[in-house]
Amino acid sequence: MITQKQLLQWLETLVQVFNDHKDYLTELDAAIGDADHGINMSRGFQKVGEKLPTLPDQDLGNMFKTVSMTLISSVGGASGPLYGTFFLKASAIAAGKHQLTDEELGTLLQAGVEGVIQRGKANLGDKTMVDVLTPAVEVYQKAIAQGDTIKEALVKTVATAEQAMKNTIPLMAKKGRASYLGQRSIGHQDPGATSCYLILKTLGETVEG
Amino acid sequence: MITQKQLLQWLETLVQVFNDHKDYLTELDAAIGDADHGINMSRGFQKVGEKLPTLPDQDLGNMFKTVSMTLISSVGGASGPLYGTFFLKASAIAAGKHQLTDEELGTLLQAGVEGVIQRGKANLGDKTMVDVLTPAVEVYQKAIAQGDTIKEALVKTVATAEQAMKNTIPLMAKKGRASYLGQRSIGHQDPGATSCYLILKTLGETVEG
Amino acid sequence: MKKLINHPDTVVRETLEGMALAHPNLIKVHFDPHFIYRADAPITDKVAIISGGGSGHEPMHGGFVGMGMLDAACPGEIFTSPTPDQMLEAAKMVNSGAGVLNIVKNYSGDVMNFEMAAELALSENIKVSNILIDDDVAVKDSLYTQGRRGVGTTVLAEKICGAAAESGYDLTQIANLCRKVNSNGRSMGMALTSCTTPAKGSPTFELGETEIEVGIGIHGEPGRERLSLKSADEITEMLTLSILEDPIYTRTVREWNLETGEWEELTISDPPLKTGDSVLAFVNSMGGTPISELYIIYRKLVEICEKKGIKIIRNLVGAYITSLDMQGCSITLLKLDEELVKFWDAPVKTPSLYW
Amino acid sequence: MKKLINHPDTVVRETLEGMALAHPNLIKVHFDPHFIYRADAPITDKVAIISGGGSGHEPMHGGFVGMGMLDAACPGEIFTSPTPDQMLEAAKMVNSGAGVLNIVKNYSGDVMNFEMAAELALSENIKVSNILIDDDVAVKDSLYTQGRRGVGTTVLAEKICGAAAESGYDLTQIANLCRKVNSNGRSMGMALTSCTTPAKGSPTFELGETEIEVGIGIHGEPGRERLSLKSADEITEMLTLSILEDPIYTRTVREWNLETGEWEELTISDPPLKTGDSVLAFVNSMGGTPISELYIIYRKLVEICEKKGIKIIRNLVGAYITSLDMQGCSITLLKLDEELVKFWDAPVKTPSLYW
């Protein structure tokens, strides 16, 4: 089970995480994109941070909807609508709730990933955030189904995400700005895959306590 | 006495002289002007060179008028109208003639200088070509009046011109583009004064033979 | 970095403030969310045309707001797509009830944000069509990439659709027209120097004193290839031939079907330009290249087109879709027919296109 | 040096060729001697307006030839005054018999060449008036210099006198009007970078990464002082205060007296701008600065003028009088009265100013 308090804690930490990794993500984006992914994410989560005080009074559905709307209206670029859609789909699953069972968390993440794929039309292997989200969420759901605790499941999830993030390095991009580089995109880690990893890693750390 | 052949020889040599000194004059102009005096002069005398074959059949008046018109329509900038006026005034003095007495040469140069002053309104000491022309022509006329041969007189003229050219170095420009620099124009030799010196020096060498 | 700015974070807002002050008769600016809109919007019964994209391409798009062109423009951060809330608020402001055409340059960010904006607008009963511009022949295939980028043809589409809206075209007609303009337009660009974004403060890519980047986009991203410096004539020839020899281009796009009320996939094929075609030739500065050099390019472009039997019957020469201070140029050729000529010639009153 | 050119020697000619091809309805170009003239010149009974100067300031002057502005423009080599034969041939081409106003920027070369041209024209019975533009407040005195340079006010004078000519003003009236515009206009410019002329191929002056040059002219000549890099607001304030705090300016100029048929010396005094004045504010790019940054400048300029009680009632923001690829800007304030407003607002149809 994961509580609203924990989920709030997760969001609060993400504000800090994206502030700290702003230059790192931007540098990754400079290599195969337009050098703004870190700026975009930190601008977006900065705004989420400003909304934090209003969130405890809402149910999880409205909380994630606020996060979604905030990201959508402040991130811009490709990652704005993608992360915005992720949290929008999540909010539908979480509507009316103040905590999530382990299975519900899986369903929520799954809905988020599906939203990202619907929005961005990326396939596995296109060198995008989908390459991290898909295997990581799959691993989480499998682990819970096998009887793992949420902590155990998230440890596996984060490990999978990290590996998947690194696996984007040898790929040639077929979606997003990096795709214009063709062969030249090979050898660089995808910035969006990296921000996904950071989001899941922070979730794991939050539950770890 | 100076013959049409000698004067033609003078013009022909000037084509070469301004070609050879193009970069030198341009560099002088770069320091206190707009880096084109050498380009302007060499473009103008290049055009004079193209007219040379037509000149022997004309009297000196028409010959200098052709030179004047050619310079006026090809040099541009400040030096174009100034040298153009110089040769226009000269042409009036030389009208109908095919040679000039030593005195007539003095009158011709004098008329040229007056034209330059009329056109450009520069005073002595303004750091312009006038600073070379005025004393040099004065020295020529005085020498002839004293009974010097034309060769002797021109030796004195060229020496005076050289000294006058160098004397422009410590001056602060009050006319032309260099005047915008104010104090910063001090310490540089005036490009127009330098092209004047080259013209007189070439005249001296031509008569020297 | 040397720029006439106060702080990287305030560039977009202060530019908008200046625009509003300079052109009060033509445009107004809404802040938070940011958009520029026609001073006299909404125009009764007229379809509204909206475009938008990252900032840094000025005068596009904000400079094209006004009678006969855009009803609103949504500027993002520098080189970053604007957000759906900007587009939604702009649509609400300028929609007269006749619906809204969003002209969207084909970058993943722009496409997704405009799709979300369309969904939001549709849910508020605003009729919306999103039409993509993807005219950059430097991007060869659409299967293994995001597809061609939207570049020079965007400006021409905004002008032509704006005039059509003014003349009374309904939303379906304008969407068809915009698709046609896009299919008829092809562009190719090159850079002599990289641009410098205010946030980064140093050139996005490094080019040597004798190198040029060919096949660039408009965001300072590297191009198709790096070559050694060439003469204006050689560069013109290279860009023009890339356009003239570009074969048929086919891709699948997602468009909102106003009747079924769903996104649907549409396969579009653009035929290549051919001898006998009449075109509009657009020579564009990337921002730092002076107009004198554009005329040198245009001169050679006319010669090449003449040789190939392509008739230039209209032209546009200037800095209209730029990459901040980048030196370089792009060429766009737009195949014209009577309808396009009529709307190109129609009056336009915007800060940066006016006749 | 990286430029979109073929050879330094052909830049001017090829630019003219491109202009002629791009704007056949507005202008024609005569080669050897070079001048650009209105496609429909001469205009019966209208005074003809001619200007000219070195090339490299595009779109000035050639881009301003057309209905309501110039009848002809004479381009010299890059940054080098054109020659009297160009001006004479242009005058012959566009003179309808109503006479010719030459608008001359105050540089020794331009002044002398236009004076010779005037003498030649007068000797061919063409009525000519030469009026000087000398509006650059960076040049402080007129006694120990060539006097103030002609910069931004030139563009405004060409527009206003062009409209007056169109409205039927005779030569004396237009000469008076042009003198008034010049007296009412003051400018100040600055550079972030030097320009690079094609002939030299490297920057005319070197500026460090954190240096700016203030009080520059338009020929890449160094300015009044070199300062450390400042914000857009600080730069705007510096330029604007130089203009607003500039005291009365007096100098002696040489003008042709049409009645006596002789050159005569004229002493002219321009009163300073003062609280309550209505002005046209012109923010100009030196060529390499994008229009977005000009709006940032304009925004601050409005604020400063408001504070000082100066009312901006018209504006012009863009690249109109440039120094090749130089990054930087200039500000011009022109005090307006009813006559000037009327002629500023009047229609104009040229390649680069059009309304």
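Read from first to last, the chains carry the letters A, B, C and D; within each, the first residue is number 1.
As a convention for this text, contacts are C-beta pairs under 8 Å (C-beta built on N, C-alpha and C of every residue); 3 or more make two chains touch, one makes a residue touch a chain.
The chain list, named the UniProt way, goes like this: A, B = Dihydroxyacetone kinase, L subunit; C, D = phosphoenolpyruvate--glycerone phosphotransferase.
Predicted model, so just to flag it, every value in this text is computed and none were measured.
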{"item": "For chain B and chain D, chains touching each", "value": "none"}
{"item": "Chain whose average C-alpha position is farthest from chain D's own", "value": "A"}
{"item": "Distance from the mean Cα position of chain D to that of chain C, given in whole angstrom", "value": "32"}
{"item": "Whole-Å gap between the CA centroids of chain A and chain B", "value": "79"}
{"item": "Gap in Å, rounded to a whole number, between the CA centres of chain D and chain A", "value": "57"}
{"item": "Pairwise chain contacts under the document criterion", "value": "A-C, B-D, C-D"}
{"item": "Chain D-touching residues of chain B, taken from the complex the two chains share", "value": "30, 33-36, 39-40, 43, 69, 72-82, 84-85, 119-121, 172, 174-177, 179-182, 184"}
{"item": "Footprint of chain C on chain D - complex, ascending", "value": "2-7, 11, 14-19, 21-22, 55-56, 58-59, 63, 192-193, 209-210, 212, 229, 231-233, 235, 287-299, 302, 315, 317, 319, 322, 324-325, 327-329, 352, 354-355"}
{"item": "Residue ranges of chain D touching chain B (in the complex, touch as defined)", "value": "33, 54, 76-77, 79-86, 107-109, 112-113, 115-116, 139, 144-146, 149, 197, 199-200, 204, 217, 219-222, 254"}
